[in-house]
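Worksheet: the structure to be examined is printed underneath.
Lettered A, B, C, D, E, F, G, H and I in written order, each chain numbered from 1.
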Amino acid sequence: MIAEVLAVACLVIGTAFNCLGIIGLLRFPDVYTRMHATTKMTTFGSVFTALSVIIYGAGQFLGTGDGQYITLSLHTVLAALALAVTNAIGSHAIARGAHRSGIRPAQAVVDRLGEVPP
Amino acid sequence: MKKVLVAAIFLVWAAGLCILPLLLSFGNPAATDMDTYFLRNGQAAAAANNIVTSVVFDFRGFDTLGESVVLFTAVTGVALMFRARKEGEEHEDE
Amino acid sequence: MRMSKIVRTGACILYPLIIIFGLYVVVHGHLTPGGGFQGGAVIATAAALVLVAFSHREVAGMVRKAVFSAQESLGLLLFIGAGILGLLAGAPFFANILANSGLLFGLTVPPGPNPGELNTAGVIPLMNIAVGVEVWGGLAIILMYLFSATGGEGT
Amino acid sequence: MTAPFDIAVFILLVLVCLALVRLVLGPTIADRAVAVDTVNTLVVAALILLGVVYRQVIFIDVAIVYALLSFVSTLYVAKYIGGEL
Amino acid sequence: MIPPFVVDNSPALMVIVPFVAAFIAPFAGRAAPAVRALVVGGAMAITSAITLILASDVYAHGTRLYVFGAQAATLAVPPDSGGIPVRIMFTVDPMSALMLVITAISAFAVVLYSLTSERHHSGLGSYYTLFLLMVTGILGMVSTGDIFNFFVFLEILSIASAGLIAFRIDGGVAVEAAIKYFVLSTIGALAILFAIGIYYGEYNALNMALIAQRIQFTLLDQLALVLIIAALAMKCGAVPMHFWTPDAYSMAPSSITALLVVASQASLYGLFRTVFSLYNITLNAACVGWLIIILGVLSMVVGVTMAIPQKNVKRLMAYHAISQTGYMLLGVGVGLAVLGNQPLLDAFGYMAMEGGIFHIINHAMYKGLLFLTAGAIFFRIGTYDLNRMGGLGHSMKWTMVFFIIGALAIAGIPPFNGFASKLMIYESVFAFNPVLSVIAMVVSILTLASFVKVFHSIFMGPVLPEYRDVREVPGPMLAGMGILALVVIVFGLFPSVVVETLVAPAAHALADQGMYIAAVIGGGA
Amino acid sequence: MYPEETGPLSQRLLRDSHVEQVNDWTKTASVRRARMIAYLVTFIMALLLYLVFSAGSGTLWLWSPSELLAGFLLSLLTAAVAGKVLCRGKDYRMANPVRLLILPVYIIGPFFIEVTRANLDVAYRVITGKIRPGIIRVPSGMKTDFGAFLLANSITLTPGTITVDISEETNDLFVHNINVPAGWETRDTVEARELFGLANIPAWIRRIAE
Amino acid sequence: MDLLLTLDTGAGFWNPVFWVLGAAVAGVIALLLYSLGEKGYKKGTAQEAPFLSGNPEPEKGLVHVRSGNLYWGFLDAMEGYYRRLVPLHTGDLHDYVLWYMGMTALFLVVVVVFR
Amino acid sequence: MVFFNLPYVAVVVLTLIGLATIVLKRNLIKIFLGITILESAVNLFLVSLGYREGGIAPIYTNAPEGLMVLPTPQALTLTSIVIGVATTALLLSFAIIIWKKYGSIEIGFLRRLKE
Amino acid sequence: MIGLLIQVAVIGGLIASAILVFFFRDLLAAALAAGFFSFLVSLEFYILQAPDVAISQAAIGAGLTTAIFIIAIRATTRFEGETP
């Protein structure tokens, strides 16, 4: 019972962060700030939804003792980890590519990378 | 003229394909006897939990061989395209 | 040209992980979703990852065309050999003679779920592995050939 | 008890459709790549939740494949726009 | 003499042998080119032998079934399945056997020829691999009894052909032809897959005999029929969709072009199989029959008239191939148009179908021969341009003889095989509709005129100064052409034997749907 | 853009040992030991991962025997294929199990707190739209690739900052900051510690990776 | 024998024996004519050079008739037909695909209307 | 009623979009993208043919028992997907060669073969 | 009911992204849209209870095909109507 409440709570948090991420994607002025909003907030949100699944699986396991819920939780953990690592690398790669292709950050107060000679 | 023809062709295609959602009902196949056989015998005959795999590799294994060969053929074709050319090989033009 | 150090390190770390996951998908083909094609495609994506992260010169030592090409033919020969196995036993081509025979891969299973019993299903695991090896080699070699056309240093 | 998961999946899919707007508008290719990357993340979350909805443990494998592989295409795009491919 | 193991498993061995050879061919070439030639030539010879064994067995004992993966090779319907075939099977009836014979002869001659003609090119490992796969694709297409398996072999054939058409990548034009061919054939294959999905959704069956037993010709079936016959007519080069044919035929290496002719006949086979075995009398035979007849007439006329102004010899021959395809469509279309009417069928329908089917085998032989001679000429002088040829008859005597044989055969001049089949088509079509027969004769005359021009341009006249030291092509190439020429002459001299033994059973097997269903399911329609 | 890595001869040989240029004289004991360790690390990693994947296959907690055998064989295969890629002749510090044990602690503990805090911050900025972006230079102080990788990913996953680029020689990070605090735009470099609020992330990473 | 070799189509028949005999007779006649002409021919005399009204003999390559020149009359007579037909072969992939799709559409209409 | 046949509606729309991309766009790579869309449409069609209302995936697991969806279309779709990637790879390599030789991948330039 | 809504969302996205593939003049953007399309197709397969096909489509359609397209765009040209 507690597990289910916790799971739903995590689900709500995750979905809310995902919504915020998408709003940021639509609102922010340039690619870097959009990336701030999306790649990390949606990662965070998705990890939270995964967390809710993990908690749900753990609760079910404790309730029923069925081995498949362990598999569910472990696989979800792996999916969440893979998501976090790949998203971090991917967003870094996009940011680097964008900067190399000549997109300068909008409204920037400082751009140290632009000063480095290529 | 050509635009009208293209539009007409697309209209006929659209009309013809619209038969699908009108006549085939989704989620309720008309006949299922072959698949019932697979679902009933798949695990016992092929000893595989995944009935799709037992269909792919046992009941329709020959198709799968063909499919692998398609991939092999495509790889060979790509290799043929990017092969190294010999010096003085005869050219064939038009 | 190669990508930044972060991507390279990440690719190095993810490469074996993706490979082992692909192999997991391959050998569990008859128990869970997946199989030779899916697993082979996953492993080929690992090769694509290494190809994109490193420069042509560095990649030349990690993945080799000849190896992939041999893998491809070997996988297909293994696959067709698994089919010929039936022919040799007096059954038609592609007969699953190993299933329920009690030999290796030939355990008789009760109906219902049986997770973790990899040595069932007769020739299906063999064929899965063969197709996995073949698709791994095939897709990776397609990528390598296409890469050699991008005008950079030759692979 | 899977109703909340179901609703969450629906919300995530609506968000996917919203991300499509950025794919349309995105002035540069990098914006579009960011949109696609976001969609990957959301779809993985949706797949995990759907796995619970359908009560199938094995469906999570699909999500792992997604999470591991979708970023490869992102890397290709990034390498292209960085002018390094 | 022949071990029973081979006879029993010949449908499977027919596919296994070229596959295995194709998989090891790229590596065989690493050791030495001679090893590769041995592997490829040996594999092709074995395949041809097995195919002929299978065909003779089918002609002797009736339709052969080979069920892949069943407990016994002929066990089409498992006992506990409720009377339906569930596995993939090869259903080799006399019509399939006829196509198998054609493929075996043609492919063997072509491989003999191309082992020499392509000697100086790079990428030969891939070339032979694709060649073997292409032959296997044709063999599988014509012998399969499962409609999805048909699609898979069609794709093998398309991809291998596309790769081979683009073999000479230097000019880029060959690649252009390959793109055109491949885009069209991919769209066609997807249309076929769509139709397969429709059959599956309606009848939950993929076996052709089972579909044939259950088919009802609803609106969905009409859609599927249209998708299939349009795609296959496009792939065999019927006229309003023939545009890819001259491009691909003229740009492929000549030996491949000879095989592409067989491939287009295999598509034609698929078309006939769909119309006759799958639908048979459930469809409005007159309507679809007339559709095919009109396609055939258009192909004949447009093909031959477009051939006349051509200056590229292979392009010209490609247009003639379209024109000859029209004859087959005409003959079999007439047979289809009278399908439901037994007296008319007996009067001239079977004759027309026999003519059309006989023309398939004749066309594959003499058109293959003609393309091989064009390739031989190119092998020596390096051009296909008719304006730059002349006087080659002095130096390439054997090639000239083979060309004459092929040209006379295609024009329907008596001692050669084209005459026999054309005669059958003329007479039976005359009974059906005299106008069509007259058109066919006129087309035949134009064909002869066109080939007189080609013959004059290539072989007659004084020796051109730049071709003074041209020699005859090497022996293996001549042997390849010689096989086909021999077949042309033998078929021409003894047409009644061929018709009695090969063609008539094929035509009856095609027209008799009940026999086909009974052979597979056992019950009969 | 960047020059190829240089280094002592032995290191370069180690790094390029897969290029089939290994002559007899380089096959010293140390090289062989390094390779052995590389394969071992890959093997253990793959085996662990495989066991996680196939957990629950047997009765309740255990693995079925066939799974264990398959895991062993497949890990060997993975090691043979990917051993040269995972450890490119550089560092085997991560072979130390203690470091591997710290990693989950780090992820669940300080890192998660940091991410949560910063996510709330960015949520606030998304809603209000108050941003002050800029790219700053952060000397990472990491000597190994893995350390730089971990730090850069930590920075990227912490909302508000994103690693745009990394200097190949000095491992300096260029960090895009959504809200550059006042005064930072004039500073030449900013210490990595200052990017994080509560926990000392660089110190943790140094403990793990170096 | 006769039965084996005769292809009877109902209205006519085809027997290779007659044709072989006819070809043999024609060959004999041709051989006779050929041997008649040989008698007066002598090598190395003016008989070898063609008589061209005193003009010099052209180079062998120049007397070759180009294939484009053959049948110009036929092509000229059929010009209206060719003017319509040849431009259809545009070499454009779109036209190829459109023809295919158009024919499919036409078939669909025909088959559905006349079923 | 038609409204609930949503996947089929999607199949029809996607097929038309794919065909339109093939026929109306003049860039080779765009045409190939159209072909992939067409392939996906056909795959979707096949898979949705086998769906049964409330069915579960055709895999015996610990999940609650129930009606299983039909396995054959999924097997066919697997084949079709691999064939699709093979086709795409070969087509793209053709396009690259065309770019090298012709300097353009617009359809209008691919017209050396005509008439 | 909620299942139907999910279907509507996925299919709406599917059709929208296919239309985007049609309209983008930038081939790279079109390839990205095709990748997007592949994700959604895979999701649809998943919803139609075909996990095997979903994995296959995810690995091949979304991962490799996009990569191959991008390599091909790099080797040829990025914008429609471009000639050297």
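Going forward, a residue touches a chain if its C-beta (ideal position, glycine included) is under 8 Å from a C-beta of that chain, and two chains touch if they have at least 3 such contacts.
Not measured: the values here are computed from a predicted model.
Note on connectivity: the fewest chain-to-chain touch steps from subunit C to subunit F number 1. Counting steps between touching chains, the shortest path from subunit E to subunit I takes 2. Comparing chain pairs C-H and B-C, the larger number of C-beta contacts belongs to B-C.
Annotation: 9 Å between the Cα-based centres of subunit B and subunit H. A separation of 27 Å divides the Cα centre of subunit B from that of subunit D. If you average the CA atoms of subunit D and of subunit I, the two centres end up 12 Å from each other. One finds 57 Å separating the Cα centroids of subunit A and subunit E.
Shared contact sites, meaning residues of subunit C that touch two or more other chains, fall at 1, 3-4, 6-7, 10, 13-14, 17, 21, 25, 32-35, 37-38, 42, 45, 48, 52, 73, 76, 80, 83, 93-94, 96, 111, 113-115, 135, 139, 142, 145-146, 149-150. Within subunit F, contacts with two or more other chains are made by residues 1, 49, 53, 56-57, 152-153, 163, 165. Residue numbers of subunit E whose C-beta contacts span two or more other chains: 19, 23, 26, 68-69, 148, 152, 155, 159, 162-163, 166, 169, 171, 173, 175, 179-180, 183, 187, 201, 204, 206, 219, 223, 226, 246-247. The residues of subunit A lying in touch with subunit C in their complex are 68, 85-86, 89, 92-93, 96.
The part of subunit C that touches subunit D in the complex is made up of residues 1-3, 7, 14, 17-18, 21, 25, 32-34, 38, 42, 45, 48-49, 52-53, 150, 152.
Touching subunit D in their complex are the following residues of subunit I: 2-3, 5-6, 9-10, 12-13, 16-17, 20, 26, 28-29, 32-33, 35-36, 39-40, 42-43, 46-47, 49, 51, 54-55, 58-59, 62-63, 66-67, 70-71, 73-74. Residues 1, 49, 52-53, 55-57, 59-61, 115-116, 119, 122-123, 126-127, 129, 131-137, 152-153, 156-160, 162-165, 167, 174, 176, 178, 180, 184-185, 188 of subunit F touch subunit A in their complex.
Touching subunit C in their complex are the following residues of subunit E: 9, 12, 16, 19-20, 23-24, 26-27, 66-73.
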